[in-house]
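The structures considered in this document are given below.
Common to both upcoming complexes is chain A, partnered first by chain B, then by chain C.
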Partner chain A sequence: MNAQLDPAHDTHATADTGVRVRFRVYRYKAGDRAGHFDEFSLEVAPETTVLDALVAIRTRLDPSLVLRHSCFHASCGTCGMRVNDTEVMACVTKILDLGSATVKVEPIANGALLGDLATDMVDFYARLAAIGRPLIRESEWLPSSIVPEGIEAYNRFESCIECGLCTSACPIVATDPRYIGPAALAAACRAVEEPRGLDPGAIMGLVDDQQGAWRCHAAFECTEACPSAVDPAGAIMALRRRAASGRLRSLIGGRHA
Partner chain B sequence: MTESASAPHVVIVGGGGTGGAVAHDLALRGLRVTLVERGELTSGTTGRHHGLLHSGARYAVKDRESAVECIEENRILRRIAPGSFEQNDGLFVAITEADEAYEPLFFESCLASDIPARRVSREEALRLEPNLNPAVRLAVQVPDGTMDAMRMPLRFFATAKRNGATIKPYTEAVAMTIVPSGTGRAVTGVSVLERTSGRRYEIGADLVVNAGGPWAEKIAALAGVDVPIAPSPGVLLAVRGRYANMVINRLHASGDGDIVVPQRELSVIGTSSWLADDPDHLSVPADHVAMMFAEGSALIPAIAKAQVRATWSAARPLIGERGATSGRELSRTFKCFDHAADGVEGFVTISGGKATTLRAMAEAAANVVCAKLGIDSPCRTREYVLAPHTAYYA
Partner chain C sequence: MNEQPLERTTPERGTEGASPRRRGLAGWADPRGRRLGGLAFILNRLTGLGVLLYLSFHLVVLSLLARGPSAWDGFVSIAGSPLFLAFDVVLVFGLLFHGLNGIRVTLVGFGLVVERQRAMFVALMIVGAIALAVAAVRIFTAG
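Take a look at the complex of A and B:
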């Protein structure tokens, strides 16, 4: 079937809609002394997302714009950005829902910048590696589909999409690079609750530390920013309870905490 | 790995799943490899697909070649990328009388394509998947699966990098270096613009592979070559909530909007098909979104009231003849073009295919590349277990 390709028919249109929005986009190229903002202007539709607009800016207005994107439905985690000073996935953030005539777009914080809106994720993964395991574990290896009661049991991919929004939003990560950070602590919590062969004691040894679960100030910005309902702050509180009860058990058992 | 300074240097243009798999294959064969991609890796078509690991059943009746390719690659990928797939299988469900009448041909075609298929009664189907349309008449279970559309291909890039390949995202091919050669011309390098710095430079190459997917035509034009690749977009819809364990397909002749892929806490519904002129300008037509809702709801009624997470379009790279009107008429199998036939040496295009067949596409392309460069080194990607995706960022 052939779709009608006139812009009025395109629910994600970036031209000829009569609704114009200005974009202030953060720019930085290797060798620049500092970043700056460039302004662009596009007409948008109700379904047009910040990512649609940025792709249209790159395609039609400035091919040098650097940004990360892949899946367009907040499943891959690549297009995490700060839009009007809030951490969001650009692909599921509708421009008109923001309710502002000018939309400010900046890269996520707390990582080295590759250019413009693209943050180098090496720092993010290094924090995860620091607790001894990657965030997304390999799913179970079943010989064939054996269906248990309740289809929710079949959600075998971990929910974290490694977008970095939580570490960008976290006020402690911003001031203390030694802090393990919310994504890695959430991963640690998953691992100790369901170890699948990992050593929970060793992981608790890493997170029950001044740079681990105890460094968090319980600001809950991470949980607020998470687009995937991982609740890193809740995980950090659970790790603290586990660490505290572990100490208590040690005391009752007559050993040193 | 076995790379040496004297090994031929291959430049791959295009950082989707196909380009990543070609980089992995050639690095394993000991070549020097540089891959350039204008944006982030998997930012074109690869990352946007619904995340289906095909069993091949979808093609068993009408396109046996694709069906056989899919089930072979399905088995290989599960072996070389353990952990990248949910072992959830797929269920083809017959809703109407016409669907039911189609089932015997469908089932027999699966078996004839070496796709393990199991007939499932209406009662069992509803027990396995309680959210199915209660009008379901019968179903067939096949080894489809859910994959992470970005992280599975990223493992090919991670492994290629570990084995010595240079991967350059945000680096756009803007020109080819072309010199006279014999009676024709030869490509000897690629000029690139590094978008993170604005720097322009040339990368010398013994051979250039065009792995541009639906952008293959634009990349080939840089070398003065025409390739018959048609961008064929489709609309996808993601709703919140996971309504099935298995991938749910409509059991009927291939059509629009006939699949629900459960993906983490989402359900992805796809997809329509049309032909576009330019893969950089994809619309998300309202009538196609409505069609996804209607067809998805025909499989799982709860989808009608589900909350929308996202709607978007992705362009398939289909090989076809000029003048075709609908993407569905074009072959889904892939093709490798040696452009020596067009009078241009040192330039190969690999295109068509689908995410499930990325490794096989790479093997075909690497075989052509090695034959042209006089490299006698067998493909090793059928057995080589891939590094985790996190290794890309190491």
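Take a look at the complex of A and C:
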């Protein structure tokens, strides 16, 4: 399907820059045997983001386009997508920065689709829940609170916005659904290093496994894809170091961490 | 336009939905959009498979010794051809990349120098490039 947006009537994605961009948008509806790409043509401004354009497409051209979004500033984690084969947050990805006359938009990979660009996140959340999904309570950051010493070192793991870009970019998740995955392992690292009531031993039992931290092949794509600088790959390697040192200690008669 | 209501395609964890987007082979072998670590991962796998193929070929070649001097001499006569020597350079590249990147993966895999892994990769690749250049010259010039 080819379509064209009328710049005069759009509030999101158009300007008089004269830069026209072709969008190839992945389409899938429940019951379809396979997905396909629809094409749209939009005139975009320097500030137009991929999400702006998709909202414009849905508003003006094709109301059946399914996508998920909320905050428009990379805080809610809902508009993670693959744009030109790279995982990004659509809301903060400017189209002209891509330097491409054709922009390919796909849902994040390695999960099941609800439709078009919306991925079912149930499996992703289930893996986080298995770890205990550690969160820092807001009250601990109030001026009157006593903040535990060294908490800054763990703060980055609290920045996860659960967008799923890391699992989409991971080459191991792509081939092995049994792998816990980078997001859950980053959460596990956070929980093990600062448990707050969780059982680090039980979590290490999940992590120190062939489908846990040892399944990672150190491609670091998760860390590259993460929009919140969580560094899941670094967390996985920290878990490995902990697991290996624990096993070494148990070998020489010490207690397994 | 498709007007049917949306349905969940993967009702339970661990079951395959009607539209799994797991990328499979393309998830690790497709270099498009991958960054340095992802490309290193792809090349590491490919060179690993290449070295495995080479070892198999090597064993087949060694088995020629059991067939007597004429069979071995026949192989040696083609082993000195420019095309074969070029394959030798490719082999050295595969061994160097897999070995040197393996050093990085091993160290990082035990939680060591994780923050400097990118710089370590670049440094190792520089070492590998120099070694490959020396090896290529030696392969094509040694009597």
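Definition applied: the second predicted complex is superposed on the first by the 209 of 257 C-alpha atoms of A that agree within 3 Å, B and C clash if a C-alpha of one lies under 4 Å from a C-alpha of the other, contacts with A are read in each partner's own complex, and residues count from 1 in each chain.
Methods note: contacts are C-beta pairs under 8 Å (C-beta built on N, C-alpha and C of every residue); 3 or more make two chains touch, one makes a residue touch a chain.
Everything quoted here is computed from the prediction, not taken from an experiment.
Once the two complexes are laid over each other on the shared chain, residue contacts for A:200 go to neither chain B nor chain C.
Comparing chain B with chain C, more residues of chain A are touched by B. Look at A:234: by the touch rule set out above, it reaches chain C but stays clear of chain B.
Of the two partner chains placed by the overlay, only chain B lies in contact with A:59; chain C stays clear of it. Of the two partner chains placed around the shared chain by superposition, chain C is the only one that A:175 touches, whereas chain B remains out of contact.
In the overlay built on the shared chain, the residue A:246 is in contact with neither chain B nor chain C. Contacts of A:107 after superposition on the shared chain: chain C is touched, whereas chain B is not.
Of the two partner chains, both chain B and chain C are touched by A:122. Chain A residues in contact with chain B (one complex) as well as with chain C (other complex) are 29-31, 63-64, 66, 114-115, 122, 126. Chain A meets chain B in the complex at residues 1-5, 7, 9-13, 29-31, 47, 49, 59, 63-76, 78, 91-92, 114-116, 118, 121-122, 124-126, 128-129, 134-145, 147, 151-152, 154-157, 159, 161, 228-229. In the complex of the two chains, the chain B residues touching chain A come out as 39-43, 46-48, 51, 82-89, 128-131, 141, 146, 148-151, 170, 172, 193, 195-198, 236, 238, 242-246, 256, 262-266, 268, 272-276, 280-281, 283-289, 309-312, 314, 325-326, 388-390, 393-394. Within the complex, the chain C residues that touch chain A are 1-4, 6-10, 13-14, 17-28, 30, 32-38, 40-42, 44, 104-105, 108-112, 114-115, 117-118. Of all residues in chain A, only 28-32, 35, 62-64, 66, 82, 84-87, 107-115, 119-120, 122-123, 126, 169-175, 177, 216-221, 223-224, 233-234, 237-238, 240-242, 244 touch chain C in the complex they form.
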